[in-house]
Structures are given as structure tokens and as C-alpha cells.
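Two complexes are shown next, each including subunit A; its partner changes from subunit B in the first to subunit C in the second.
And then the complex of A and B:
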């Protein structure tokens, strides 16, 4: 396997960090997947996002990775950090005392190049499958004030609506990695979100039609990696069990 | 007709999705729960040898119906073992749907699990591996109980374990069954949210602690019992085949 080793000449105060990063462009016939090694100096409060930008700026302008918000909101910078799916912008290099970090792109999603993957395509398929929109027979006049919603019900819906579609629950889930047609925790959470929304008129039988099979709720093996890795701390353990109980009862 | 429609279309004849995946998921859990609870009882009962041969003998005869039959009937144990064997086969059939059955699936799972360092994922691999091993180890043990239920007793079991070499089978089986069952019971509570409704996250931590406690406790219990049977079997080897005579019958000189 080809291995690139690049050293920075920066002799700053911080400790030396070694990052091994997958380099591969599946669209380039000449490109072979390999781990490139970069050595940089750590700066105070450095995140992986900062480290990657430093590498791209100083060492390898060809390195591809995704980011937008830098604040754990957009969900663009998910990657496998020493085997764990994490958001690069919320991962501090100080949390790796050995100073060695291996970065791989998130599996389950189509690879664009290096660390950059297309989560949007996967999420779009999931959204279509779970019909991720309000199903209501009520015609709303947008010029009038909305009908009030019970605050507790609204809170419950907003809680699940915090999902940023980063794909970390998918990349952390052995079921989703083994079975690409599995709807994943993000899809099951989305179902739970609409189930709790008073605006949505769908019944449990309707949700069963969407995820009532072995690629849906009954395919989940309760490994709970989604729950343990979700950067937004969504109650996935609770909600998946809840939906399973509900859908298992559908006649 | 509906079977034909579901077979080809995956739908019921009213056009809705088959309910079979829900049924299978439920029965995988129900059979797992029955087997998990059974194995807890089983380990306590077999460990009665730790209280002495007389205790184990009395308990064996209880299961053979000594409370309501004039003459204890080992066939009752054979019937119970047959029922457990059937549940075991159903559970194996339902659970193997989750196995990684293609090389790519296996490779993905192995790599992911090795690098992720996530205990619940690793424990699932342990369950898959121990479940696979039990297809064979569990079947050998269960068939023995179905075919020869009369050969259970302080000396009969000890002879089987020491002289008939079943001790090696049981030594492997104990590790497999304890891990598989205790992790399985923990996962069952997570899967359906049983016992953790009030505070799911705290409930999970508690249930996982209980799982580890149960793994340690039942391993110690079962291996202690196995060691005791082994020692009895070793001492009893010259009299291989002779059955235990309870204290109450020693004066009468009877043999059970």
C-alpha cells in the first residue's frame, strides 16, 4: 500500500501530532487508496477541523474533507476518528494523548474523495422512504394565526427534530454497515418525530407500511451504537424501543 | 391465496404490508426470554450438587414427578427437554436471520467492531459467535437429555461428565450459554425498553451492571458445580454405571 509521509517545518510550542488520513479518489483510475501521514504542531484548543485546515493549507492542498459551520450544527464533517464516527469540528486533538490520529471517511456513504462523503444522497433516500413531511388533511390558511399546540407535545417533537443528519448514527451502526438498505437510527428517529407531532395524522399502521420490516424497525439489533455516538445526544435508545413496541402491536 | 400474494408481493391481500416481520421479531424475543430464564433455573438446579449428593438426588426426583407419582418418571424430564429443544431450534432459526452471512457483511462487521471499540457492538459479535457454537454444543447436550433422561443423578451425571467425557462439552457450553443468555437478556430489555421506561439511560447502566454480575455469578456457580461432578465422577469411576442410593433407602438396600 503506498504511504505518503509529509513533515511540517513549523517548530512551534505545541506537541507533535501525527495524522494518518485516507487518500483516495474513486473517480481517478490512477488513484490507489492509501494512508498519508502528516505531522503538525498542536495549537491551543485545536480541533480536528483546525488540524485538517492546517494540513490543507500548509502540507497538502489536494486533501478533501467536508465542513461548513465549524460548530456541530451543520453535520457535514462526520468522519471515522481512530475507528469512531465523530464530528471533526467538535473533536479536540487534546483528547488524543498519544498524539496519533487516524482519519477514515464514514463507511455506508458514497465516497467523493479522501474524507469527503455524500451523506445527502443517503439522507434523501431515507427521507423519501419515511415520507419525512407532515401528512395532514387540514387546509391551512397561512394568513391566519396557527392553531396552538400543546407545549409538551411541541417540546417532544422539537427534541427529536434536533437531528442534523450528520450520518454518525449510520456510520456507527453495524447493522446499517452490513445491510445498506437498513433505514438506520436517523430514519427511525424521524418516524418517532412525526409520530409525536400533533400535526401529523398518520397512524401506527401507516408507519408500519414505511418501516415495518427487516430493513426497518425489526432489523434493528439494539447495538445502541447510535445512542452512544449521536453528537446531538438524541434519545435514540428510548425512541427506537418505543417505535418497536408500537409497531409490533399493529394488527 | 393470501400466502401466494404475500410470497410474491410481500403484501397481505388487503394491500398492506405483511405483519410477519413483527411476528418473527416478537417470537425471537419471546423464545430468547424463555430460554434465558430457563437457563437461570437450570444452572441453579444443576448446582444443587454443591449442597450434596442427597440434595441433587431429591431435586432430580422432584422433576421426575416424585410429588405426585408413586414411582418417579424420567420421561417427564425427557418431555421437558424436548420442549426446550424445540424452543431452542425456533430461537436459533429466528436469530440466525441477523447473522452476517456474506463475506462482505462479515468483513465490514469485523473491521467496524475492532476499530469502534464499542462494548455493545462487541457483545453482539460474542452473541453471534456463541449462538453459532451452541447450534452444535447445545444440540449435543439437549439430545442427550431427550434420549436418556433417566441418566440424571449424582452418580449418573458425574459418570457422564468424567468417564463419558461430557465434561469437556459442558465446560465449553457453560461459557457459551452464560455469555449468550446474560447478554441476550440485557439486550432484550434494551430492544423493547423493558424495565427502563422511567429513565432509559440510567436503566441501561443498571441493567448492564446486572448483566456483568450475572455473568460472573453464573460462571462461578456452573463451573463449581461442574468441578464437583468431575470429582465425584473421578472417585466413582470404578463403580461406573451404579446409581446413587438415597439415605432413606440405604437400610433397605434398594437402587435407583
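And then the complex of A and C:
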């Protein structure tokens, strides 16, 4: 891949950092994929959120990337950092002692420009497929006292509800990269989340209908890169194994 | 040229927008939601601490009901809110919480028996009732009489957002991502939808609708230091302002949260103090009880933020390379509690500051300093959520000035507002859609698209870089807002801010972009957004300059008293001349004689700082007389409330809420 333009800013007095970033706008006929190199001065406590904004504000105004909360809560800023899928806002430059960082967009998702990818459509398909909502025949009158839920059961559901759909489990998954229709750890975790929710009336047979094939629960090769990289530390390994054991018994 | 038609158009895919969409979609209306980002990434996800709702399940919430929640909200607002709206809100909030439980929000539940909690820095044991076991729990929050804030650990906004978004997906509301509102389509005095830019293709499209709802969140990013997400730039409100007809209410009412972490400005939830955490100064001294003997660390946010800055000014701040700060100590809550209930807080502290707040003593203390957090002001609406000036235009959530919060919002009332307003405003909006047709000429829609295309082309055609870049202009605006329109305000510096911001607005209208691509282009986006942001910044600064009193979060060092005699009114801002550099400012009176709760001392904050309005005492006597008479007649609290200040709600939202032990009383 061609490398172009080295740009430098001297703002600050910290050590010199070199960032190599993929630049490409697939909708601009004149744009060709290339690695652009930027050198900046590190500031105390710098994260990739700070570094990328500094580059955009001082060096390269059209560099595209996605951040929303910049606090590790919303899941917008997944990208490949020296080959590993990470949330950029939580990635500290100080953790790269050589001062060299290469940023690429996450694979498995359609590229918008540079580091910005479309995860929304992928996640929407997943939500439709696993029917990511409560299935209940109860019509509870909302002016009445709510139905009690065992506190431990509520906590267990919350634990799995913490997924932020950042796409990191998909970007790190060999099955997802080989088969675009694989529902991913995010989808399988979502199934486990509703399976654990006392409000949801679906049975194992219902879940089997949704994900009981090679693009679902039986497509996972147990490489478990999803669990290694999940920024919310979700128990993906345990939950995928649990759902697979349950669904293997259906029929 | 793309023109799409729908019944209900919702702009903004956070909690408020999605909840409106569920309402209109479930009423059989074809609903489209437009969002800058995938909706589950909206800033609603960052709400940590919880949602106020007077369920009264926990023993610490016993005796709570709509009346107590109402009184807390009105006092919190420093009597700036619309009390009718506050009543609508507190009556619907318990229903919203219970509905969300059915939709899959895994609320933290009450566990029967003894439980150790920290109250006033002391470990205390409370005993939860057997019959409350498994019901929705609540924690303490600032400015409230009862433990009323329902929560899921400290990820409440996230679980609520996913619950509502999943419901919208179930209902097949159409969600279109990476679409940015550029301009509203207004013909006569009616709104027919919006002109929108696709952020990927750069295409300008029109969405034509019977009714349009703006739910684009707050405008925190006009400040440099803010807890808000980077997408909270206020461009939705600016588009409303740019109609030249619709107005903003109380733009100067800006909340500064006491405990964002230094230096990133990322929020640490009020739940930290709600659960028993305390503020400490450079000497490790817990200083809030010295200022606020009654509410201590849990006075309302405006009061705590000001006390913190006051304490720093007395030389009690902790010096750091990022300026002075104070400490938030949650280590006294113990590791188990922190790892379970304040997990995201711990994660943030460890990731961004390398501090484990569960470490005992000073080692675990977190550096905090107040920063911009919330805009109480916004698009001015009626209690139905409809714009006071344009038919078919609605607004709700932080984007709106409904006006639930007046001059200070209570913690836990904003996520609550998003879903409650979504239910109410969505319902009124559905009624509007059922009563109206789309009767706009397609030619006008096409012209709107062309005008926007021409505007963007004009930006791209501007020759070369001269002077400040669009990023420089934005940064300068943010610094001005931080320095001159912050917690402590003064006429002189506010005037300087207004003057400088006007200059920046002029410069922003000429700023060139280097990358000339009309498609995905972050520089172009800034070039059309920053002038919009400056209009909001000017509305805030100018509103603050003209309001010569101190109320709630608006504090004037040259006018330190709350002036009920001259300022029982809401600021109303309009921008009718697109070339102007200042908005027109007017006022809308708040009628004391119609209030259920006439102005008085809040019970916290500085005493004796009110310029009384004689009507307050007169109305207080009247209220007391009505109350005594009806009580003597054996009337219940609902009948008394109705006599004092009647209000309406759609659907069955006005139904009485059932509570443990007291039924529907």
C-alpha cells in the first residue's frame, strides 16, 4: 500500500508519536487507499480520541473517524490499533512505548471513509434476526405495581445487557470474516440475554429457529477472539457454550 | 432528487426520539427516525445514575408519591419551571418506569432484609420489606426528599436506550442513520418535514411528513469542557431557530455538573454521592456540610457546583497541571458496592486516570471539577410538545424547553423526561397526524433541496484559507463560553462574550474548506455546523447578559439575588433575520397566581437572597385556604391538586399509580 504525506505538529512538549492511518474515500473517484503518516507531540494522559482530534484540527481536516461519548460507553470508535480491534477512546498512547501506532478501519463492516465504518446496518440485521426484543403475551397495566423479578435474575440479565454493539467481537471473529451472514458473538450474547430475562416467554425451540444453524450458534469455531477483545468483558465464551449446549438438545 | 414521505418524522434517535417513534408507530402511523449515528450510540447511553420515578418500593422511598416528586422538581428549578408540565411529568413517570420493565430494562431490584448503606458518611443498616422483594429499587440523588432514582447499576441510560430502541425495531419504525438535519420545511406557519444531508453520500434529501419532532439532545459542545458527547452540537435547535418563526426558551439556563473527572471532563454520576460518596478539599476535609448543613453533598447540582467553585476560590482547591480541582471520595462505599453498582465509574477512573476508586483512603480519591452538563433551555413548546409558533412541529427531551427543569434540573429527571415526554408528546403528535394531511406543493420541497445544495456548493467554492480555520473558530467559541458564560457570570464579561461571538459568527460565514469533496467530509460538516452552533452560543450568552438576576444555574455576580419581582418570566429567543448577528429576545410571564406551589426558599443554597414578589405570599395564602377547606370536606390529595392547578394528560396516563402498602392513595 502506498504511503504518503508526513505531517507534523509541534503542539505540546511530550514525546514524539507517529501515527500511520489508512486514508480512503470509496465514494470519491480520485481517492486511492494509502497510509498517511502524522507525527504529533504526546500530551499527558493522551488517548486516541485526543490524538485523532489533534490531527484533524491541526493537520488534516478531512480525516474521518467516529466518536460519540469518548468515555467507552457508546461503542462508536472501534478500530484496528496495531492489528487489534479496540475502542479508540479508551486506548492510551502511553501504552505504546515505541511511539508508533498504525490505525486501520475494522474489517467486516462497509467503509465510509478512513477509519469510519457502517456498523449500524450490520447490527440492525442482527437485531432483526435474533428478534432482539421481549416476547411476552402479558399486557401489564402500567399504573399497577410492576411484576416482581428475582434480584439475582435481574442482575444476571443486566450483565448480558451491557453489550454496546461496538462490533469489536465481529471484527475479531474468523467465522464472521469468512461468512458475512454469521450472527456473531454479539447476536449469540443477545440470545443469551433474552433467554435469561424472566419477561421473555421464548423457549429453546424458538431460539433454535432463529440461530440453530451454521450461521448461528453452530458456526462459532470457539477461537474466542471475541471474548479476548470485548471492551465490556462480557462472558461470551461461557454464554456461547451455554446456548450451544441448550440448543443442541432441541429436536 | 430524493423526496420521501411519511406520517411522523422524528429527528434524533436518542431515548426521547425513539420513545416518540414507538408511540406514533404503535398508533398506526408510518414513522421515520433520522439519526446522526446508529441510534444505540446516542448520548442517552451515557446517562449513568438513573431515572426519578416515585415508586416508593425501597424503605428509603416510603411515603414518596407524585406530590413529593413535584415539590422537589419545582424547588430544584428555582421556580423557573412550568408547574403544569411538572405535574404531567411526575404523574406519568411511574408508568414509564414500569412500562420499561416490561420492555426488558433490567432494573436493579429490591432484596428483602437488612442491607448496609452509607448515609452521611456513616455505615448504616436499612431493612427492606418482605413484600418489596423483587420490585424496582431506587437510590438517593441530589435535591430529593426520598430515594427515588431507579437504576441499573450505573448504566441506566444504556439499558433504557437499548430497551426502547429494541422496541422501535420490533415495531418496525424506520430508522435512517447518518442523516443530518439541515433545514426544516416550513410553509406558512406549518412544518412539513425536513431537508437532510446524507453523511455518507453527501446527498441532500427531503423527508416530507404530517408532523415533525425534534429530539436532537443538548448543545453542550458549544462549551470546551463538557460532559456531553461530541455529537451534542445544538444544530437541531439551530435549525428550528433558522425558521425565523419558532423560538427557544431560557437558553441561558445551563447546568454545570459537580463531578466530571479532570481533565477529560467525562461524567462521574451523581449516584456516586447518592450512594454515599463525599467531596473533599486539598486538606482531605469534607467541606459541603460547612456550606449546606441540611442537604450537604446532595444539594441540587447548581448549588453544589457553585459551592465547589467558591471553595476553590478560597484556596482550598488541589493544584494540578490541568488547573485546580477537588476530590470525590467513593472509597468509603467499599469495594463490593463500587464493583457492582458503580462499575462504569470505576472503569472510567481506571482507564482515563489510572485510579482505582475502590482503593481505600486518598489513593482512591478522584479529581473532579464542575463542567457544562445539560441545557435546560431549548425549543419552546406547549405542554403538548408542540412548538408555540409553528404547527406540526414538536420537540421533546433535552432539545426542548417543555419546561420541566426551569433554571436547574434535578439529577435523574432528564432520562425520566426523555421517556415520559416521548409518551406524552408522541401521543399528541399522533393525534396531530391523524387530523392533518400532507398538502404541500412538491415544487416547494424541491426548491428547499436546491437551496441547501446551493448553500453547500457556496461553502465548497469559497477561495483558499484566510485567517482562522473553521476549527479555530469553533475552539475560540468554546473557550469564550467556558471563560465568560460559565458558572459565575458578570455583565462585563458577558458583554465581551456577546461581542466576540458576533465577530466569530461573521467569520464563520466566510470560512473556507481545504478538502472540496461534497461526500463524506468532516471539514465541510464543521463549516456548516459551526455557524449554527454560534447562533446557539449567542442565544445563551445574550440571554444570560439580559437576565439581571441569579436563578438556579444562572448566577450573576453583579445581580446575586433571585428577583421574583421582575424576573418571574421565561426568556424567549427568535432569530428572524438570517443576516443578523444577534437574536431578538422577548419574555413570557410565569403566572404566580396559577401556581400550585408559589415561589419560596428552596431549603438549600444561600438564605435571604430573594427579592420577593408580593403575589407569592398572596398565592400561598390562597393555596393554604383551598387546601384547608378541601381537607375539611374530606377530599383526597388528588382532588386538592385538581382544585389548585388542573392539568391534562393523554391516554390513561392520568390514572392513579399503585404503590406498596398504600394502594392507589
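Just so we're on the same page, the second predicted complex is superposed on the first by the 246 of 251 C-alpha atoms of A that agree within 3 Å, B and C clash if a C-alpha of one lies under 4 Å from a C-alpha of the other, contacts with A are read in each partner's own complex, and residues count from 1 in each chain.
The rule is simple: a residue touches a chain if its C-beta (ideal position, glycine included) is under 8 Å from a C-beta of that chain, and two chains touch if they have at least 3 such contacts.
Predicted model only: the values in this text are computed from it and were never measured.
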item	value
Clash or fit (per the criteria above) of subunit B with subunit C on subunit A	fit
First, second, both or neither for A:86, with subunit B first and subunit C second	neither
Partner chain(s) touched by A:243 [first = subunit B, second = subunit C, both, neither]	neither
Partner chain in contact with A:228 - subunit B first, subunit C second, else both or neither	first
Partner chain in contact with A:179 - subunit B first, subunit C second, else both or neither	first
Touched partner set for A:188, first subunit B, second subunit C, both or neither	neither
Residues of subunit A touched, compared between subunit B and subunit C (which is higher)	C
Touching partner for A:140 - first (subunit B), second (subunit C), both, neither	second
Three-chain overlay, closest Cα atoms of subunit B and subunit C, distance in Å	18
Footprint overlap on subunit A, comparing subunit B with subunit C	none
Sites on subunit A touched by subunit C in the complex	25, 27-28, 44-45, 47, 56-57, 61-64, 66-76, 90, 92, 112-113, 116, 118-121, 123-124, 127-128, 131-134, 136, 138, 140, 142-151, 154-155, 157-158, 161-162, 164-165, 194, 197, 199-200
Complex contacts: residues of subunit C adjacent to subunit A	37-43, 45-46, 55, 94-99, 101-104, 106-111, 133-136, 152-153, 155, 158-159, 162, 166-167, 169-170, 175, 177-178, 199-202, 229-231, 263-264, 266-267, 321, 344, 347-348, 351-353, 469-471, 475, 513-515, 517, 519-523, 526, 652, 655-660
Subunit A residues within the subunit B interface of the complex	80, 82-84, 107, 172, 174, 177-179, 205, 208-209, 212-214, 218, 220-225, 228-229, 235, 237-238, 241-242, 244-245, 247-248, 250-251
Partner subunit A, residues of subunit B touching it in the complex	10, 16-19, 21-22, 24-26, 97-98, 100, 105, 108-109, 112-118, 120-121, 124, 187, 190-193, 200-201, 204
